[in-house]
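Labels run A, B, C, D, E and F following the written order; every chain starts at residue 1.
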């Protein structure tokens, strides 16, 4: 059974998350389907991709499937993790990707949305960065996705409080390109997509790649990076990491000791 | 016949684009005049430069003169191109440069405005980034000018849709420092200029230079840059590039094939 | 006599500037007290630090104590200067630091606020960057603090005009995370602090450190930096620098010659 | 007719240039064959690749085929040029590549040898960097290959004089890993290859990739790179460039004017 | 029982490895002793540190104690590993450290020697980089230590062949500063140490720190580093890694499959 | 009276230091003459510059004139210092510069020689890096000049011991391109110069600039650089700095306390 549906028309491709039962959690299976779809769209020279959930959902995506997190003492955001792979694919594919957002966006799904090129939201949209609630050490590229869109102080508020960011604040701070009424969301998004299809796909794909490379152009010295990796490892090896995941799975509040 | 007029008073220099007939297109001839003017202002120790069009214009500047683009298979945004030279001069001169904007700003003129230090707009102001409409591969420093002012998602919307950005959105996203009524535009701008003249010109010019250098401090490895250059070259060599320029000159919609 | 008061409750530490008589100027003595307090909070595993002034103050902090600036021909923002040390401590400590702002914030105190992780303001809050008024050459890390929070054009307006930035504009541009009514300021701030204490302190401190390192990741080549240092030295050695400090101490307007 | 011969035994692959008639010039056709061969070796999990010419040749490779240089006003060392592609393939493939050198190595073939992992030479080996003799603007990655192996002063001597560097000096300066007698060249090289096949191929390929990335880790700011590109373009567009190529093809000394 | 002996005279400190029975393997216990000793020398303002083994040893140090490598699926060269800590301490301490080498130097001990400031060897000295023999993925800072001393081709020969590098070749390639007769080794080393003690310790320690920082100044973008970390992780998780360690402990040749 | 003599023939310019009485110390007056000469050679399109002393001198140059060092508490190697200016001019001028060395080279003159493109020496040549003998904090670009030519361990030996490096070791380590007999020095140097004049000056000057930029491409983050500057300032402000200069001028051994 498929966890997404796909649609192509007028050089515009659409991926719709259809696993509302599981709140469109980014499970390995669902990511696998997205990877294949995007790959095919590129082959078929689609010019824009719209990433969306079904109409009327409360949750656009609940983020990574916590039941699939690796065992303790292993980096949960490793380069080869499916979530990391899909984030890179969205950034590296030649088509612009528009995130069309109805409902709340959680954890890794926030990172996915920030990896899209353009974000259209509506009043029910909200963002919630959960790693500090679960105790997960975030990775450097993931944090960089935030810093390329918003000021460091807002990124830190999102990560440190793990509270939802409303559509209105998101639009004010430029995280959402356009905030429109829910009933106009589709019309607005596809009208923008259509305009993009009329422009030069070569120019667009090269500019997209240039923006990606400039966004990565915050290089760190090797000892700095190895130090960060060492700090992150301590978090993965901590009791709090297990407490956070267990609390999440047991649907209770975690009790963190800082150890 | 001059394409600009210049004025100096109270240590405030002003360049006014006066070629409304050609919508103040940034032709080689006009850029040449601006270069000389800025050079003289520096010699005469002017403390602020206001860059503006004539009162009541619909178009502040239509951007680069497309009839002067180089022949196919040549980089249209090369380091020695007059537009690139004027962008650097505006950034490197010791005076703060205030862009005072009435009317719409197109293509290379957007880049010029973003290269200014402070931007004052009014309700008729709008910005439209046109390279994807013409099929021009943008250069890395040009894209960086956008990323130092706005989030990557907004920059990509401007480049990918090539649709006008309204004064209101520009102000919301911080592209325009102040959005004031059209009739207050001059008063507001020159009042700010006057305040700047009272402050330490040495402090200001060094901070301006530091901001410029930090804005450039997104270094790329040599193979990354040569790869970008290779991608841009494919665009210059493409059929779409010729189609884009021809369509523009023939005032018809281009038909891009991605080849 | 102490220049600050400190308070700890529920893993939330608070530093209150209590030297309103001197407008909470960041004197060496006051910085020394803050350094000790933050150090102790870290030892005692506080989870959040709130940095604030007393209720109802007009001036949150007047910034660096100008009477303590070094003699001419010496860099006033040197690495070992107490102000620089406290900025680094706030950035490097493992607790999130929330700046809770009532009243105006001047010069080096703006830099302190931007070095905090989250900023909560109220209608009386304003920011004023004064170095160009006094003739002080700002340092590279200081300018970088601004560029990591706001667009380059807004940073330049603040530095070049040395005019106050209102709470409203600061909130629009994302410098203030939340703008709330003065009477709600405390309640709002401590509610946010409480939420943070419930999350994983290990995750938070590592993300804070990653954001810090990514914010610094705008590297410059050695000749570029030595050139900046040479430019800054010329400012320290200039007549204008002495004029600026003297004018400030004599409470008169400076007359800068650019020499 | 093939321009190379290939051989595989004991997990050691060998490519032998067999076009002595054309002094093993790196023509597009020959590069194409090498590309395919290396690709196949990787598929077949070969553990080492030896790159060599036939026994007793005077010229190991004369470098790029000058008759195939692009027309004037086009970058002759563009990212998509076959020579550039083969240099990257040699650096990026997972097997160590040993250059086994008998005879002289010219121009682009020097760059190919420096892109190999290990270099074994004999008394007839010599290196000659010819671009200044022909008037070709070298690319940044090419120059970086030299700087990662030798001091800047030696690289500049090679480029500026375009004189042969003897096997002895090359060995002294570490360009050649081992200088052995011609009759021992094969035995020595394959003995080293055999030792490598006994070690962990995973460890080796990851270290090779790390060395490659660290060798590239000399990042340049975007304006610096665009400036270099502008300087190189002036060379391609110059009269001297045409003079250099014509003189080479007419087998006469060029007469450069610096224009 | 101590694994090292220490000695101080004339502001010259000496650490002598005294665990010849275990071939001075860099066990956690021995590293712990070195860490304390260096720390004390710094407190006591020693001006030079000589790092040596006992007279007449065959093996200066066999490198890291393989029996202490972490279990599979864990990074064996993690930031907090004792070997990594001692490498950083040697680089970061304010005294110059002279490695005085008699006998062979293996694996992690090569990295320790390259982390010293000056290396004095004698004819019995040799270097052998063993990670490819055991199947260990080397870390980025470790590889960088090699690239800051020798050409990339020599570093790759050492890593890929895991064969000893003789004192003579090491001296030729500049890895050893001075190659002297074994009986002159002590006299020569301490004479150099004495000369250093006469010079300005402030100047020396700042230059040492500058060289360290410049040696690290090969920054990598975040995705590049996370990709390397992903590649290294595959090696740690591979069957070959277990095979390599087991073979070493069982004193037999490993049989690597590349899996 | 002139401190240098200049000569031009066959597109080869020569500067000869003629102030043997003062051991060709790099006084401000002498540097001024060199600056003018190089500027004129560039205007006159000279193709190579030979930098030399008079035949038979014992001292090629004694380095910076210590009597002209700035007063304490001021950076002696500031960006605008004449020595720094001449180093940059030699690196940035379009002609290759060959240092032809007879006699010993001291302190800042070593830096000048390393800033040249090619170095030819003879048996009387030697190098001595004296800052640690005088107590001067070296600057970052100066140290980088060494690291681009030699391994970090050799650079540290030169700086830490302040002992002469013989011509033979210099040649072994590649600091000297060619070591020839004293009587052949002129013939050899001018023969190389002549060969360079026959090659493309455009190609050569662009490659020279690329090597310069790649040599600088070791970028440091702003806090790293400000920390180095702070460390260097402590040295300038120390008692040892005054002791070092006084001892030098009084021709006695300094007694450094590390304070």
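Just so it is clear, a contact is a pair of C-beta atoms (placed from the backbone, for glycine too) under 8 Å apart; a residue touches a chain by one contact, two chains touch by 3 or more.
For each chain, UniProt lists the protein as follows: A, B, C, D, E, F = Enoyl-CoA hydratase/isomerase.
Owing to the predicted nature of the structure, the values given are computational and were not obtained by experimental measurement.
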What's the farthest chain from chain C (Enoyl-CoA hydratase/isomerase) if centres are computed as the mean of the Cα atoms? D
Have a look at where chain B (Enoyl-CoA hydratase/isomerase) meets chain C (Enoyl-CoA hydratase/isomerase) and say same if over half of the interface residue numbers show up on both copies, different if under half do. different
Would you mind pulling out the distance in Å between where the CA atoms of chain C (Enoyl-CoA hydratase/isomerase) average out and where those of chain D (Enoyl-CoA hydratase/isomerase) do? 54
Report the inter-centroid distance (CA atoms only) between chain A (Enoyl-CoA hydratase/isomerase) and chain E (Enoyl-CoA hydratase/isomerase) in whole Å. 42
Quick check: what residues of chain C (Enoyl-CoA hydratase/isomerase) touch more than one other chain, meaning two or more? 140, 144, 150, 172, 174, 214, 217-222, 224, 231, 234
In the complex, the residues of chain B (Enoyl-CoA hydratase/isomerase) that touch chain A (Enoyl-CoA hydratase/isomerase) are 131-138, 140, 143-144, 147, 150-157, 159-163, 172-174, 218-220, 224, 228, 231-232, 234-235, 238, 240-241, 244, 253-254, 256, 258-259
Residue ranges of chain C (Enoyl-CoA hydratase/isomerase) in contact with chain F (Enoyl-CoA hydratase/isomerase) within the complex: 73-75, 78-80, 84, 88, 139-141, 144, 216-227, 229-231, 233-234
Which of the residues in chain D (Enoyl-CoA hydratase/isomerase) end up touching chain E (Enoyl-CoA hydratase/isomerase) in this complex? 45, 96, 114, 116-119, 148-150, 172, 174-175, 177, 192, 195-196, 198-204, 206-211, 213-215, 217-219
